[in-house]
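Below, chain A partners chain B and then partners chain C, in two separate complexes.
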Partner chain A sequence: MCYIEAVATHLNLTHDIKEVVPDATLRRRMSRIVKMATATAFECTGGVPGIAELDAIVTATGLGCLADSERFLEQIHRTDGQMLNPTPFIQSTFNTVGAQIALLAGNHCYNMTYVHRGRSFESALTDAMLQLKEGDACRVLAGAFDESTPTQHHIMERMGFWRGAEDGEGAVFTLLTATATSNSIARISKVEFLPSPLSERQCREKYAAGSGTRVWRSLDKTVYPCCSAMRFAKAVEEIRKGAPEVVVYNDYFGKEPTIIVLQCL
Partner chain B sequence: MRIAVSGMGIVSSLGIGVEANMVAIGREESGIVSESRFLPVSLAVPVGEVPFSNEELALRAGVGEYCVYSRTALLGILAVQEALADSGEGKSLRTGLVSGTSVGGMDRTEIFYADYLADPERGRLREVAMHDCAASTLAIVRHCGIEGYTTTVSTACSSAANAVLTAARLIRCGIADRMVAGGTEALSLFTLGGFGSLMILDKQPCRPFDADRAGLNLGEGAGYIVLQREDTLQKEPYAYLAGGANANDAYHQTASSASGEGCYKAMSDTLRKVGVAADKIDYVNAHGTGTPNNDLSESRALCRLFANKVPPFSSTKGFTGHTLAAAGGMEAVFSVQALHRGVICPNLNFSRPIEETGLIPVTERREAPLHYVLSNSLGFGGNCTSLLFSKD
Partner chain C sequence: MESLIRELKEHLIRELNLEDITAEDIDSKAPLFGEEGLGLDSIDALEIILILEKHYGIKLQNSAEAKPVFYSVETLAGYIAKNRR
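Presenting the complex of A and B:
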């Protein structure tokens, strides 16, 4: 159990990237997804002072900084590994976004990155909730991001993934606290990894507290490793609009199902 | 609640299994060779390569000869199989896995990508099917019959150490009774090219903590320990995980700060959380990659924490090379072995101390009764983690 103080997605950014990353050289080196995710974290925390107050930064991504990984791979094959530009290699590591958030505010706190396909965001939420429970942290920023590239889309198309599913990308961050504050908007009552898939009816029977509970399963056709984070953000919005409880069921192409239960305060 | 270390498994350039590794270390035989035998393109730099082909690894792991698993997965399966067998029967326990990896199945992806670049309709899809970091973890749980909480961590070179922290928290919070934790990493053109482009690969065997050190040698392998709640133990454990801490250097995307702030904070937070004074530490298994930047930064952090009474310390990278995400798991095995056997692993290739700090690592195998051993893992992105193991 923990409380949600803020949620931001890449779709509702109000700060220009120049404000988020004032250093022009650094900004130029950052890939699209690193900028997008860092700006979302900035939005969620209200900027540098908010980041400085964090006790933990936990990020999640299924495929990481794909565009930079591809750029570096291409360089290796085109140049036989000689005279490579290190920037895409440096920026390709899965913890790049978590590191950039820490760098923005010089925050030395706990910094972690989970990369477990469709369960990456849920792994990050679990870590955050357990730290809040153990009292190791009071304010935790947890977030997820994934980018789509033409290469990744095409390879997955060749593999047959897009029959009945649509590709996507996004960045979502949420600010979590151990106890309710005057800014709390909802609470997370459960995050679970399920041993096997559940139907909508089974989700309701097992997780819904009452008849007013919304159960979201197969909400849309979009599939990317961290798409559950975007559904989490939508569910928080649903609570804000008055829903008492939202049970969000996710899986990744039918595998690795998870449950997140959100409740009103 | 005390968390015990009940099992260990390791694959490195020194060999497959804890025994093979400890015998090689005892003889001061390094696993670093002048160049790779198995990579598709030779880059003529020394590497700590596991001396078996993928086919040989698959055969030993019992995963079938037609399997196209990434090398990352094969190394991980072998080490986790050993660790679980060592830990003993645990059918009644909820056993999970937290595995660290820095580039997942990149070793296969780069083979695919060569063909794909020539023609986007080419490249065998099965070569790229294990690209993501979770793929190796899921292959491990499938082959080792692990059914509990499973996840994957990627914080560059501190991944395995962070996996240990997460695993311990899952046990403390009642989500699992027993957890396998560590990391796996295969050599790849991607990482060799990456560290080469940063000009931090030594053309000679690496010289951690030496004044003339000129960079690291990349290595590969896997290292896992089995953590379990003390009351579920069925045999005498090797040691206990007393605690650990994760901190960020928040200085630069790849370089460490001159003062070693992140490393200092990871070590000092660990001691504070566990409630152990700095003078109780008997040995530090340092990160010590052999790069000018890392070793100076880490030396300064050690001098600051131990107020210039730095305990015996060494880097084992001269034996194995820097195995990136697996390093913290392999070094957790070496640290626990040090406690269990009362033996400190020597730091190879050292001749002259770094001028700024004057620190001299342990250069010969030393027998000593050890009670507390600290293990450091420092990575890109400023990710620093320390683990503290204790005898009881």
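Presenting the complex of A and C:
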């Protein structure tokens, strides 16, 4: 179990990227998703002082910094592996966002990135909760991000991947603590990786504590590997509005199902 | 030479993703590296080497000659004018 002190999504940013990353040299090398995710982490922690206080930064992504990866692969293809620009190579690694967040405040704490397809966010949450439970950390920033690109959309469309779903993108960060504080909003009581999909009824029977529990399953048509993080953020908002418990069921095109159980304090 | 300088500035802006900077903002004689001029760094130096290779067919053979060549847009353009293929 751990406590949620703050949640931010790329949809509610209040700071301009120039405010978040004042260094123009650093900023001009950042791709759209790196800027989006870094700004979301900044929003969640309240800025550089908040990042400096973190004991661990755990990020998750299904596809990583896709635009830079595509740029790098396109250059390999076009130049036959010769004359490759260094910037997209450097920035296309999956842990770029976690590293950029740490660089903002010169934070040298535990910094890990999980790339586990549709279970990436849940993997990051699990690691964050273990860090808190074992006393290795008191304040952990956990988050997830994924971007969509026209090339990715086109390739997945040709593969028949969408099947009525719509692709999406986003960044979500949450600030977790080991003990409840005056700023705590909710608690995460459970994160589980399920061996097979569950129906809404099965989710309710197995995980709901009472009749007031809301079970969220297949909330919308938008699908991307870390979209469960956005559902997590909406569930926290639901708790803030008065829901006693929200069970967030997630699967990635019917595979890799997971459960996150959030409870009010 | 003027058109080459202009073209080179446009390559630098595009390839180095220089935010909010136009060709007119770049002083041709100002240092490219360090705090006085554009404030470029070692990663940018690698990008400039690629600009020379890709757009002008120039391979810098001797790293010792890089420092005076990479001093400013003007010195770079002078080197390109002499060595382009």
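Heads up, the rule we're going with is that the second predicted complex is superposed on the first by the 265 of 265 C-alpha atoms of A that agree within 3 Å, B and C clash if a C-alpha of one lies under 4 Å from a C-alpha of the other, contacts with A are read in each partner's own complex, and residues count from 1 in each chain.
Rule of thumb we're sticking to: a residue touches a chain if its C-beta (ideal position, glycine included) is under 8 Å from a C-beta of that chain, and two chains touch if they have at least 3 such contacts.
All values reported here derive from a predicted model rather than from experimental measurement.
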Chain B and chain C placed together on chain A: clash or fit? fit
> Is A:Arg27 contacted by the first partner chain B, the second partner chain C, both or neither?
Replying inline: second
Point to revise | First (chain B), second (chain C), both or neither touched by A:Thr9 | key: neither
Which of the two partners, first being chain B and second being chain C, lies in contact with A:Cys109: first, second, both, or neither? first
Message = Let me test your reading of the model: by the given contact rule, A:Phe193 touches which partner, first (chain B), second (chain C), both or neither?
response = first
For the superposed three-chain arrangement, angle chain B-chain A-chain C (C-alpha centres, nearest 10 degrees) equals 70
Is A:Asn85 touching anything from chain B or chain C once the two structures are fitted on A? First, second, both or neither. both
- request: Go through the superposed model and pick first if A:Gly64 touches only chain B, second if only chain C, both, or neither.
  value: first
Check: Who does A:Thr45 touch here: chain B (first), chain C (second), both, or neither?
Finding: neither
| task | Considering only the touch criterion stated at the top, classify A:Gln263 as touching first (chain B), second (chain C), both, or neither. | result | neither
With chain A overlaid, the minimum CA to CA distance between chain B and chain C in angstrom is 7
Going through chain A, the residues touched by chain B and also by chain C turn out to be 84-86, 90
In the complex, the residues of chain C that touch chain A are 15-19, 39, 41, 43, 46-47, 50, 53-54
Listed in rising order, the residues of chain B that touch chain A in the complex are 41, 43, 101-102, 104, 109-110, 113-114, 116-117, 120-121, 125, 128-129, 131-135, 137-138, 147, 149-156, 162, 166, 169-170, 172-173, 175, 189-190, 192-194, 196-198, 245-254, 261-262, 265, 379-383
Note: in the complex, chain A contacts chain C through residues 24-25, 27-29, 83-87, 90
Chain B partner, complex, touching residues on chain A are 57, 62-64, 69, 72-78, 80-81, 84-86, 89-96, 98-100, 102-103, 105-117, 119-120, 123, 126-127, 130-131, 133-134, 151, 154-155, 158-159, 193, 195, 225
